[in-house]
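One structure, pasted below without further comment.
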Amino acid sequence: MQVGVIGSGSCYDDVCEFAFRLGQLLAERGCVVINGGLGGVMEAVSRGVSSRGGVAIGIVPGKDRRDANPYCKYVIATNMGHARNMIIVHSSDVLVAVGGGYGTVSEMAIALKEGKRVVAYKPAVKLEGLIVVKTPEEAVSKALEGLE
Amino acid sequence: MQVGVIGSGSCYDDVCEFAFRLGQLLAERGCVVINGGLGGVMEAVSRGVSSRGGVAIGIVPGKDRRDANPYCKYVIATNMGHARNMIIVHSSDVLVAVGGGYGTVSEMAIALKEGKRVVAYKPAVKLEGLIVVKTPEEAVSKALEGLE
Amino acid sequence: MQVGVIGSGSCYDDVCEFAFRLGQLLAERGCVVINGGLGGVMEAVSRGVSSRGGVAIGIVPGKDRRDANPYCKYVIATNMGHARNMIIVHSSDVLVAVGGGYGTVSEMAIALKEGKRVVAYKPAVKLEGLIVVKTPEEAVSKALEGLE
Amino acid sequence: MQVGVIGSGSCYDDVCEFAFRLGQLLAERGCVVINGGLGGVMEAVSRGVSSRGGVAIGIVPGKDRRDANPYCKYVIATNMGHARNMIIVHSSDVLVAVGGGYGTVSEMAIALKEGKRVVAYKPAVKLEGLIVVKTPEEAVSKALEGLE
């Protein structure tokens, strides 16, 4: 199971705490976490995954793998800017959005268009089909429902 | 001036009429119209542009230029699926969204993230920064404001 | 007919003269020229096209249309680095390579893989299937053979 | 260390044996193998890696992860056709080409353009800068020289 976790490159409120705990829970369930590889939510979820010995794969927008945060076990460098968002979507069985801004909106929209399940915590917009959750535990439960 | 016009591949209500008239107005103003090259809004705006002797460039998701509607004067084939949406954004000085679903949302979000002006008619969601309009005339006026 | 013209971003020998004359001939034949939009061969061919009132479309690797040389009538900004080479291939009915280095080799290879006709002047390598020519006139003749 | 292994989707001569053995040696050295995820050389090298408990990451051209051979531990789905070749290059510290056709040529060319070390066994063309080898052992030795 490859679970995409998407969110902003900078943190606010409790969003990064949510992402860190989400990473821990996903790793405990044996999920590989796909994410954008940079800071903020991407770093927090990778750190959570890493803290439980799991695997986070960062898919970075630039061409230098060193752009990635140190908690990504493997790094894919695309050199494709925002188009890397689409690769995150295609590489994930299901997606969890944690807060986020415009970039996260673009990923949620394409994932829903592709018919993928999208679970969201504090989403910037309410897109039709989005499954809104309140805790990391609920996010994991809703994300993996029917997939395992 | 290259103006991106984005919207769904299928039509409903008066959305395609809006797109057709928008294409006419943009062509009359000397704007080149960049769009996704397929059916629905993309075809309607291209047809409007073409009816006034203007230039519409279709950027299609597949690798076959023949996927494009016949009103695109030039066709760019990307073979990149939804990632072609990002190319439409980068190739446009300003964007006008006409109705639209998830794909259009992804384009509006990335355009706003890139700091571009985005004018929208009947948008599926209200993104922060979107300039909502009611007529093709207002769309052109708001889109070109400060750009010419 | 959309003809891709590929080659290096810097000039040597008579390569840019060849590209300039090639652009003139293609424009006279009514072909639209697709190219990479930057300097060297890309600028020379665009200048040739422009000098005959034809249309050159530059597909640039970055996200800023202003990266393009001034002889491209329309500019597509991809923000995809070398991956834009694939877009040039898919958008062309046939390709003419003028000198060139590694980037040109990548484009010739993918075009041949896609079953497209590739005509080359002073190619850096001899790929199977390449049609090597000596003059711009021969290039145009071989490129358009069987396509019109 | 992420080592890209590139080659054709179908096998001939001893090329797949070479790829299988190369995968074993790279895994024994602790390298992660990045490849195109499909059949032929891509499957052979992944199988070699897997047989030694190593990690092969397949970066497939389509949007369905199930396109990948079963020996890739993780799969990235790009939906970008040949443009995925560029992602393989950017994601690798060094590349080893094993036989191969036009697609492999495109990858070798872009890797050399990016200043990366490219080691090749039975290359389809002799590109300037290519390090040609005769055995999997020599390939690993030349690939990792100066990188560890």
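Order of writing sets the labels: A, B, C and D. Residues in every chain begin at 1.
Definition applied: contacts are C-beta pairs under 8 Å (C-beta built on N, C-alpha and C of every residue); 3 or more make two chains touch, one makes a residue touch a chain.
Since the model is a prediction, treat every value here as computed from it, not as a measurement.
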Intersection of the contact lists for chain A and chain B: C, D
Set of chains adjacent to chain A and to chain C: B, D
Which of B-D and A-D has more C-beta contact pairs: A-D
Angle of rotation relating chain C to chain D [CA atoms, steps of 5 degrees]: 180
Distance from chain D to chain A - Cα centre to Cα centre, in angstrom: 28
Distance from chain D to chain B - Cα centre to Cα centre, in angstrom: 40
For chain A, residues contacting two or more additional chains: 63, 79-83, 86
Pairwise touch network: line, ring, star, complete, or other: complete
Touching residues (chain side chain C, partner chain B) in the complex: 2, 32, 34, 55, 57, 59, 63, 65, 74-80, 83, 86-87, 90-91, 114
Contacting residues of chain B [partner chain D, same complex]: 63, 79-83
Residues on chain A engaged by chain B in the complex (per definition of touch): 80-83, 86, 89, 101-103, 105-107, 109-110, 112-113, 124-128
